[in-house]
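All chains are identified by letter, namely A, B and C, in their written order; residue positions are counted from 1 within each chain.
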Amino acid sequence: MLEIKNLQAKAGEKQILNGISLTVNAGEVHAIMGPNGSGKSTLAQVLAGHPAYEVTGGEVRFEGQDLLDMEPEERAQAGVFLAFQYPVEIAGVSNAYFLRAAYNEIQKARGKEEMDPIDFLDLVEEKLKLVEWGPEIMSRAVNHGFSGGEKKRNEILQMAVLEPKLAILDETDSGLDIDALRIVANGVNKLRRPDNATIVVTHYQRLLNYIVPDHVHVLAGGRIVKSGGKELALELEAKGYEWLTEEAVTA
Amino acid sequence: MSTSETTVESLVGGEYKYGFVTDIDTEVIPKGLSEDVVRLISAKKGEPAWMTEWRLDAYRRWLKMEEPHHWGNLSYPPVDYQDIIYYAAPKNVKPLASLDEVDPELIKTYEKLGIPLREQKLLAGVAVDAIFDSVSVATTFKESLAKEGIIFCPISEALREHPELVRQYLGSVVPVNDNFFAALNSAVFSDGSFVYIPKGVRCPMELSTYFRINTANSGQFERTLIVADEGAYVSYLEGCTAPKRDTNQLHAAVVELVALKGATIKYSTVQNWYAGDAEGKGGIYNFVTKRGKASEDAKISWTQVETGSAITWKYPSVILQGDRSVGEFYSVAVVNGRQQADTGTKMIHVGKDTRSTIVSKGISAGQGNNSYRGLVKVLPRATNARNYTQCDSMLIGSRCGAHTFPYIENQTSTGRIEHEASTSKIGEDQIFYLKQRGLNTENAISMIVNGFCKEVFKELPMEFAVEAQKLLGVSLEGSVG
Amino acid sequence: MTTTYLKDIETVARNGGAKAPWLEALRRQGAERFAATGFPTTRDEDWRFNTLAPLTQAEFQLAPADLGGVTAADVAPFLYAIPGVRTLVFVNGRYAPALSSPGEVPAGVTVRNLAAALGAQHPALEAHLGRYAEPGKGGFTALNTAFVKDGLFVHVEKNVDAGAPIHAVFLSDGKVGNAASHPRSLIVVERGARVAVLESYVGPAGGTYFTNAVTEAVVGDNAHLEHLKIQRESELASHVGTTHIHQGRDSRVTSFAISLGAAFGRNNLDINLDGENIESQMLGLYMGRGRQELDNHTNLLHAHPNCGTREVYKGILDDRAHGIFNGKIYVTPLAQKTDAKQTNRALLLSDTARIDTKPQLEIFADDVKCTHGATVGNLDQLAGFYLQSRGIGGALGRKILVYAFAAEILEEIPYESVRQGLEALVMARLDERGEG
């Protein structure tokens, strides 16, 4: 589904990604971990097309298409979804309006019919259960006045409605208490299907007790320095990253 | 500046659509200001002697006042008051038997501005007083309003037809010596609208005045006086445009609102005077004094969408004189290019249990500078006063500025005063979030800007809300309702 | 009178100083700092609303270590029946094991009195003690530092949930007049861990003593802390309590400050948001009568982007009581996307009660949301009438309204027994007004 080959990127003059290669197949969950400044979030942002980053080398193919050649909205329409580390607040625009606009843009791009507000609310009703919310959340302005935990839940709700092929979760777990973490993880798990894939970028191993990854990759200095199974995450939590970053430097 | 900033800025601006000049035979008096000019204006209006004296008194006071040149957060070269034409009027404007007698050029002008004046095309539910340079050229629905006892006419006509009413209230809210520009206006004002709603009457339609400056080098000094008698209700709208010219023109208006016991006045403005070009050449200097006085249980509500003018200097205020009176101020002020706006409100709580609400939304783009300046003053007698102020600024690009100056003076030990402020940027991160959800840049910005202004737009009557969204060059869909 | 304190500092130093050189150095630093600056005065901006002279000019001597016969019955009124609670009782600033029930703690959790932890040389102490509430932060903190000896020590290891709350009760017996105690506490919550801590500062009615407490809390990355401070000192006592909370990225803190006692009661709450994506809540309730002066000074440092804080303080002031609220929010240029909300509401029950409110927002970033609201009101006559029209009498109606005002804060306390206990105290206070 996703094939990243030797991806390099910089922000301003600062080189952040130094050649990342990674293949994600349908039905898989990949976890990306690493210390502060390792390039985890940058990788997520580059895949979604954030304009602050300039790709300086390598290629990314998503379902055979050249992902790097596409505008951010085209990537979204093609089925790439990024759950933001810091979701943006949009005052005065209701969750319902925003989400329907997004849903219809994606429908349009796929040559499908747009959905009217009534039918859309029916669709959303189902999805709300996934994040244990009632319909009142739909009339609140997008992320406006939401707590950190609510914002993250709202990202998962959007993901549930937009049904992406590839979901990238950028530190969705940071700061969540146990209840919120369970709700978010539960939502992600229920959305797992054989025909979609998930990349979980996280700073803390705790999340991986709830979302069990097929593969764990450790990023340091803009490179993947180690890959392994889910047990690698536990090892990282116990030993920290130092042993790996030292290996990376000496390697 | 990044490319996305450029896109954002260009989307907010848009071409000024009202910059054309009407070619019409106009009578102008020579430039300059003197007692003779004041007398001449008064004579042209056929005013009673007391009115001429009132003007001369204002003129003499004005001579002793200094232009508040360093007021606020504004900078502009000194205005030469002897280089301005104080009276300009299309020829052949006489009392008309029917609107169809209005000069076809003027009819065409107003049609281009979206204000039809022909009987068969009149906007349903909106009565219009059309003011062209120094005079009113047409007033619609006058007769049907008169049946309810409502007076809606040019103020020059009111001075002739209802002198006692005008004399009772003119200058009662904004005294002639209130400030430099108010004094100047009191001396030379040429026209404007007068509204009187009798006791207990709810005005059945929106009343509106459309101001147009046409003549080069002229100033417009309109005067509006609205009196809502006990228990009456009126909603009044004003709109303004001017041709594109590369010299600055002065607009110094005074608006007085009198809401007697239990009355409600809702006053809405969409101000779109020519703002000057991108380099800051030309444009209107908009120095306006607007104030209302609310008696017991009365309510005065100001809503403004300020998008035009090179400089805006304007603080629509409410004196909450009576117990339980209510004052409101909702404002969207947009600056782009080199525009400067210093606007806000004053809520003066005099009576007990008085309430005021201030919602100010400033949008700054280009190299524009936007300042909110507000005063909430609670006098010792005004126990249990309440004020809620919300003051939000949005910056588009990195060369513009937003400033807020909230002043709170509470002289009681009771009351509730709340202040909320935010400054946000439309930048890469915001737009990227919406794009990542499948929306294109244009829709993303439109959604953010409209959401930002929503609380103010919803206060506007429908026709004006539509005009306001057009002015911002973005769609209102989805952010209202 | 700083000389009395200085003499006490000397005595303490002579009677065997600390074993660890770092602790010795810390105390000395406190002593020197206090000797140099003394107490603040009303000329200091941070103390300008206060009536400081009665406290700073009185001669308070170090409270005797002798327990003087304090029994469980003396402590009982200040305890709460929280399921599984671990209680440590301190009398006149010293740990009283006989009155305490520290119970069992999960693996990875240390709950001890500070003196014992210092004796055992717990490694977290040298790393953290005195690093946040530095002696340079002011006269009272310097003085406390000079006397560092005992208090609460909590340490929670990485990813451990400490479970049921820990309650530290600092009781001054008031048996010797003008006695001072300087409890010092340290709470360390490592990365990903969670703990709830209650601190009660209490004393018998009529005691004229001075409590000068300092608590430091360090909350690691992604860690959670719930902190309740309940001040129920004698209404003739003086209380200065300083709490410094230092938060790492992704961490969450909820802090409560409930002040009911003390003739002069001052809370200083400093929170340093030292990382991205931090959320903090600060909730406070103060209730003054007679001539009580109750002051809450909060100080939030937003130093990094994407952090949110919510602060709600409410005060109820009767008779000639004086309330002070000073809420400082400092947003550095780096701290973009800060979302800070501050509310202070005061209810004046008499014409002679007074409140000074000072929101102090200093914002140096340009993409932020900061709000502040201040309300000063007396009992809304209209609301009283509303209750009357429902058949509830004037005095009772007023009581219900005041109670409802306080309940907004108390309702957020997550422990039922604490909530109920405090609600009962509020009601009792209102009953004592004599019109109910």
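Following the convention adopted for this analysis, a residue touches a chain if its C-beta (ideal position, glycine included) is under 8 Å from a C-beta of that chain, and two chains touch if they have at least 3 such contacts.
This one's a predicted model, so the numbers in the text were calculated from it and none came from an experiment.
Touching chain A and chain B together: C. Inter-chain contacts peak for the pair A-B, counting C-beta pairs in contact.
Greatest Cα centroid separation from chain B: this falls to C.
Mean C-alpha positions place chain A and chain B at a centre distance of 48 Å.
Taking each chain's centre as the mean of its C-alpha atoms, chain A lies 41 Å from chain C. As a whole-number value, the distance joining the C-alpha centres of chain B and chain C reads 52 Å.
Shared contact sites, meaning residues of chain A that touch two or more other chains, fall at 86.
Listed in rising order, the residues of chain C touching chain B in the complex are 348, 354-355, 366-378, 380.
Across the complex, chain C is touched by residues 85-86, 147-148, 171, 174-175, 177-178, 203-204, 206, 237 of chain A.
Those residues of chain B whose C-beta lies close enough to touch chain C in the complex are 384, 395, 413-425, 427.
In the complex of the two chains, the chain B residues touching chain A come out as 2-4, 392, 428-430, 432-440, 443, 447-448, 450-455, 478-479. Of all residues in chain A, only 48-52, 71-73, 75-77, 81-82, 84, 86-88, 90-93, 97-98, 101-103, 105-106, 109, 141, 158, 162 touch chain B in the complex they form.
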